[in-house]
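Labels run A, B, C, D and E following the written order; every chain starts at residue 1.
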Amino acid sequence: MAVIHETPPPPAAAVQPRNSLGDRISRMLYARPKARLTGLLLLPLGWLGVLYIGSLILLFITAFWRTDSFTSKVIPAFTLENFIEIITVPAYQQTALRTIGIALAVTVLCAALALPLGLYMAKVASPKMRAALAIGITLPLWAGYLVKVFSWRITFSSGGPLDWLLAPLGLAGPGYGTAALIITLAYLWFPYMAVPVYNAFRQIPDSLFDASSDLGAKAWSTVWTVAVPLLKPAFVAGSIFTFSLSLGDYIAAQFVGGKTQVIGTVIASNINLNPPLAAAFGTVPILVVVLYLFLARKSGALKQL
Amino acid sequence: MRASTASLSPATEEPALSGDAISLSSVTKSFGEFTAVKDLDLDIRSGEFFSLLGPSGSGKTTVLRMVAGFEPVTSGTIKLHGTDVTSKAPFERDVNTVFQDYALFPHLTVAQNVGYGLKLRKTPKADRERRVAEALDMVRLPQVAGRLPSQLSGGQRQRIALARALILRPQVLLLDEPLGALDKQLREQMQIELKQIQREVGITFIFVTHDQEEALTLSDRVAVFNNGNIEQVGTPEDLYERPATRFVATFLGSTNLVEGELARQLTGTDSLVSIRPERIHLAAPGTPAPEGFSSVPATIEEIVYTGPTTRYVASTATGDRLIVQEQNDSRASAASRGDAVELQWPARFNFHVS
Amino acid sequence: MRASTASLSPATEEPALSGDAISLSSVTKSFGEFTAVKDLDLDIRSGEFFSLLGPSGSGKTTVLRMVAGFEPVTSGTIKLHGTDVTSKAPFERDVNTVFQDYALFPHLTVAQNVGYGLKLRKTPKADRERRVAEALDMVRLPQVAGRLPSQLSGGQRQRIALARALILRPQVLLLDEPLGALDKQLREQMQIELKQIQREVGITFIFVTHDQEEALTLSDRVAVFNNGNIEQVGTPEDLYERPATRFVATFLGSTNLVEGELARQLTGTDSLVSIRPERIHLAAPGTPAPEGFSSVPATIEEIVYTGPTTRYVASTATGDRLIVQEQNDSRASAASRGDAVELQWPARFNFHVS
Amino acid sequence: GCGGDASTSGSGTTGIQVPDLPMASEVGESEGQVNIIAWAGFVEDGSTNPDADWVSAFEEETKCQVNRKVGATSDEMVQLMRSGEYDLVSASGDASLRLIAGGDVAPINTELIPNFGNIVDGLKGQVYDTLNGKSYGVPIGRGANVLMYNTDHVAEAPDSWAPLWEEDTEYAGKTMAYDSPIYIADAAVYLMATQPDLGITNPYALDADQLAAAVELLKTQNGLVGEYWNDALKAVSSISSGTAHMGTGWQVIVNLAQGDGGKVESVLPKEGATGWSDTWMIAAEAKNPNCAYKWMDYASSAEVNAQISQNFGMAPANALACEGSDANAAHCETFHATDEEYYKQVWMWTTPVEQCVDGRTDVTCTNYQEWTKAWTEVKG
Amino acid sequence: MRLSASAKITLRVFAGLVMAAIYLPLLLVIANSFNATTSGAFPIQEFTTRWWVAAWHNEGVREALWTSLKVASVATVIALLLGSMVAFALSRYDFFGKNTINLLVVLPIALPGIVTGVALNNTFKTVLEPLGIGLGLFSVIVGHATFCIVMVFNNVQARLGRMNRGLEEAAMDMGANVVKTFFQVTFPGFRSAFVAGGLLAFALSFDEVVVTTFTAPPGTETLPIWIFNNMARPNQAPVVNVIAAVLIVASMIPVYLSQRLTGDDRK
């Protein structure tokens, strides 16, 4: 049996006692994880939790106030009138429902386009093509919101580019209206859907597709039974943007919506004249979005944004 | 030599399909400039447990993927039980695959995973449920039917992947390093189960691995791959005891490769000779060599205890270093570092390799 | 017993530190409800190559991380060369770590990685460069100094991680499964190099692994972990030849565990007995047992050829199944399936385990 | 005045209660700056278009630096004036009454504005800027909301608003209407002509029943209209491309469309029309009253008023702005600047308030807030 | 996945159509900046560079651009700071209310801009103005930073999630204190995500209309607001086309940068 170690130790290269400011801060921080966390959260929570949420609450409180009918000045006197009004006047309900419908349609349209595009980019395209397309779908994000809305306004104009393109087929564009609005919004927010879907597609191991076809599935049934369920979180993540951005938009509606009235239009047209009513109507998208986020969080999609 | 006991071949016990289950003729696969598999011929018999063994990047997976139909061949033909399937899609081939990463569908339960292939074939529900239950019984995991793959351990996942592939009763099952991701204990246990299941179902297994021990213990026959070529095909004993090339000799277990002076002393020619460390034993210096034995005087340089065996590094007068492996059984020698010894082994274990 | 050859101990060659490099007294670590390490006492001597061996989740990494200071202890004290460091931050402890995934800084070159610790200590540039070059020489990679870690192979990364940790000449080096990610060939080569480097620098190595072979071949002493407890501490031979518990016996190599009737025949009591497969050899039926040998008649049930060895499964009259491992050397028996044989081994290799 | 009936406009007859605020008695030293909220094109320093610059000269002359914010809608202007940041606003008729009644703007001492004398008669003393005999605004210009049509699609010049309102119109889906609650007045103007028994005498004085009738008409129109517009360019592109065949518009839109080669013409239909006139108003608590007065006078000079009105595209308020050059004269011709007969048919935007501006005292009229609500309902 | 040749062709054509749909409208804007008519009539009959000359001499644009740059830069810096802090807190610590904070960060981008804008406007006017902080460049920046935080947060959090904590431990193991570890190891590790998040935040702020409308004081015009105001101004509209065309072309720069950054990560 081996005999073990009996000679004395060589002088150990002892760690020098160090005491620079950084060291002292470090030692303090290292020992106190709670303090580190507090330090990290203090500023952001002050900003978002107090300033932002505080503002929303203040706005919410305004919704219970009245406006002087003549001067349209806000009078801080409690009333439920505004809420009663948005609940009882059919125009408000219709507008809210229409806007939600438009937002859903935009989301579905984006998802329907993102799926085959994602499939192509992630699983068919050559790496070069893939990179080019990845840039291709994100570039318009930077091109300016108004620029894009405006270009669609031109596109949908009567006798404009779309009519011109469709003329040989004996068709005409939809003209300004709800359809044009949905297309424009889908165009505006498409990258927010396409990028997560594409990334999620890339993360699905090829072996799952191989396995599916090995077990007898044809390409499209593989897409439906394997890809789509696995992409669900990405679709949900993308839809948070497509849905809530569509829900709040009113400038696009103004430009290509024809006479389509959306939630944003109503808020905007009341914000100066009757702020309490605008605030009350503003709670509609807040409720819808918060509910949507809540459901999305349940599906774990928030982590994928 | 104990050829008769060399492998636990099921082929002699099960009713086997006659002829070749799979036959590849001059199959080549190129990825752009790079040729991953070169002009390969390979015949695998029905009911065989056949392994593809080779280092990383040698083309094993590529061959398997071509057989399964995931990868089109560049040239050559692939036949399955005599039928040319070269241009068939995967879902048209009667082979199934167990993937290295198992490729279980994460959104489906174990039962849904296993029943996936049957569902695609529109098997009636009752029938499907019965067969899923049977398949889960076979891999001894009836209790996990309702779980998701993420709730299973590695070994369990491996078995579910197996059940999913076997439920379709393919003629050939392809397994791509199915045990690669498991830890040692689990791997050994799964090896035993795999072998048992293959015997039970009696279908052809094509098994890819880069672990030589695994290939040797499990297979009826093994093809050793190197650089997109097959170096040698044969039974485990063929390969281990009579390696045809230096590559095969070193890739399967450790070996002493001897050249020059010492090789001349041992075999009369100075071409490369391979001697397995476990063939050599230590004798007292000057012990005369028995009839038909090679004998070389040497000095013990290093001794490494590994538990069941002890490994000695011995240097000879010719300046070669030979490794000797002795089992720590009742007959183990008790040499110490620096001892002079005589290395002796039957001369028939001197193999020329190219 | 060949105690003198049991380990390649550097202790007899290098000046070793007296006393304990590290000593843990009743160290406990809980993560919430779960206790990962329970009331652990452990002393590691200066200059030792000490391994922590155990299955996944047994608490090895947790112990290492507490020693390094990454994880605060729940209770207990940790001393480094007699100084209590329990509440010191990692950057205040004179130990360095080689991480399982190497944790090389991807944005720094190899030389910058290795020199990082010296730079923090404000070592003059010339001095630093010299020592970096020395360290790279030591791990035999002087040529990669200018590369980024992403441009290195797995084995090279491992050696750079080693160089980076050793350049600070810590009193203790912690290694968390440093070879776990390497393939078999490379792992074996790196084992040899690690051992050599430890001998050269002569500092204490604490080495975490779940590979028993690795632990046995490399270590001066090994602690076997199970479930947050240490089952046994000792030299490789202690552990392999004289396992204290059933867990240690089965975790270190394969073993035959015998109870009841057969145990009574062998040892007189019917408590659990462990017999290593390689200790047993096959004799012709009826061969009388030599003095001090156990002998059991049996029938060969199964034969598995593994290359260097052949494994037999033999069933005894008592209904037990014993595994026998024979090296395929010149003296190998030639038993066939179904043969009646006599299993014989020196009775001193019958060990009671609890 | 509006609708040509002087008795319904002018001082104090409506009995609207307004806060009694003092007015300036003299213009003192420059404060160094003045903050103005104005329609696009009213306050230009050459930064958007080097040819349009009348601010620089003012700054030079008075040492008052001009800070401008462009207001997009009347509502926004009202809101911004209440923030107290601004000294001056270029208020349209649908904003001015609110500002006056809310005590946000002060009466103006016209004595201190020499150029006030040259304002055309038709713009003086209107109900939307003059209350209880006090003038609250200095007129800038005016324009009518005319009927535009694209001659490619409309062969014969229409003389009535009927194609925009009547269910059987051949232009269903191809018309365009203005997008603001004040557009309810356009419906009222049409109703005045087509349904006299409703008793509407002033489109800005609608009782509940009259409003309901207007809303009814507007809802009909909603089914016919192709789109609503609220910025001029949108209207230009729609009418000149033919996306809309016909619609409510401003003269300036017609001019631009023609300039682009669009085959667009306009008429003032027989039923009359609504229109707008903008005035400078000074904040009740103006921080820079002296500069504000200086600006009001400066901007009302014939020369500057001509520039503003030509840049924006409206009839100038200063009669002299039509003289001096051929361009000035041509401009005034196009915009009917001095044609009081023309503006007699035009009902200038006025904020609807509860006290009926038509003088009725037996009913309560609907206020602008109600109009806004009604407008939301119209659009659905 | 092995797809049939026809399926591949269908997908390729589909991808081509999507790309065409994305880019034709943008090309249209560029083409329109040379359209001689003021309302951008189509098809274009006559080309001119007059609007480009007009845009070049337009001081308002330059001022608005400068304002936009100021606002976007400061908002980005704030978003970088706050976004990274939240990202660190959420990815490195477990604590009660973590999910709520995650939701809180996403809220400003998910809620309609008009709600955010109106709410902030209301707060500035009723609460902060009495304290001496009225609407100003600052309020615009506050508004922008609020919804930009999420961009930085998303990027940094994703990276931190993938980052090897072992690297930080290795640095401390070598003797680096907490501060040095952060700057020498942690920060280089998420730098590219940090910059990419910053770029996104900058772009978002640079493009914002609605919140700006409600938080901007008199005389403060960002580029989008300038565009918005001038789109409605008949004589200016063609100049807007020019600015839009320039913006489209200029947008290549951040895209190129962010692509290079994310490209780096894959190495």
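Here is the rule we go by: contacts are C-beta pairs under 8 Å (C-beta built on N, C-alpha and C of every residue); 3 or more make two chains touch, one makes a residue touch a chain.
Everything numeric in this text was worked out from a predicted model, so none of it was measured.
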Task: Chains touching both subunit C and subunit D - done: A, E
- [ ] Averaging the CA atoms per chain, pick out the one whose centre lands closest to the mean of every protein CA shown.
- [x] A
- [ ] Determine which of the two chain pairs, D-E or C-E, is joined by the larger number of C-beta pairs in contact.
- [x] D-E
Open item on the list: Nearest whole angstrom, what separates the Cα centre of subunit C from the Cα centre of subunit E?
Closed with: 55
- [ ] For subunit A and subunit D, let me know how many angstrom lie between their CA-based centres, rounded off.
- [x] 40
Task: Length of the line joining the C-alpha centres of subunit A and subunit B, rounded to whole Å - done: 52
Task: Whole-Å separation of chain centres (CA-atom averages), subunit B against subunit C - done: 27
Task: Contacts with 2+ other chains: residues of subunit C - done: 4, 6-7, 89, 91, 121, 168, 237
- [ ] Quick one: which residues in subunit D touch 2 or more of the other chains?
- [x] 234, 237, 241
Task: Set of subunit E residues in contact with two or more other chains - done: 2, 40, 42, 175, 177-178, 180, 231
Task: In the complex, subunit D residues that touch subunit A - done: 73, 75-76, 78-79, 82, 98, 101-104, 173, 181, 222, 225-228, 230, 234, 237-238, 241-244, 353-354, 367-370, 372-373, 375-377, 379-380
Open item on the list: Give the list of subunit A residues in touch with subunit C in this complex.
Closed with: 1-10, 12-16, 18, 26-27, 30-31
Task: subunit C partner contacts - residues on subunit E that touch it in the complex - done: 164, 166-167, 169-178, 180, 184-185, 188-189, 267
Task: Contact set on subunit A toward subunit D in their complex - done: 67, 69-73, 85, 89-92, 94-95, 153-154, 157-160, 175-177, 254-255, 258-259, 261, 265-266, 269-274
Open item on the list: So in the complex, the part of subunit C that touches subunit B is made up of which residues?
Closed with: 2, 4-8, 55-56, 183-184, 210-213, 216-217, 236-237, 240, 252-253, 276-281, 293, 302-310, 325-331, 334-337, 344-346, 349
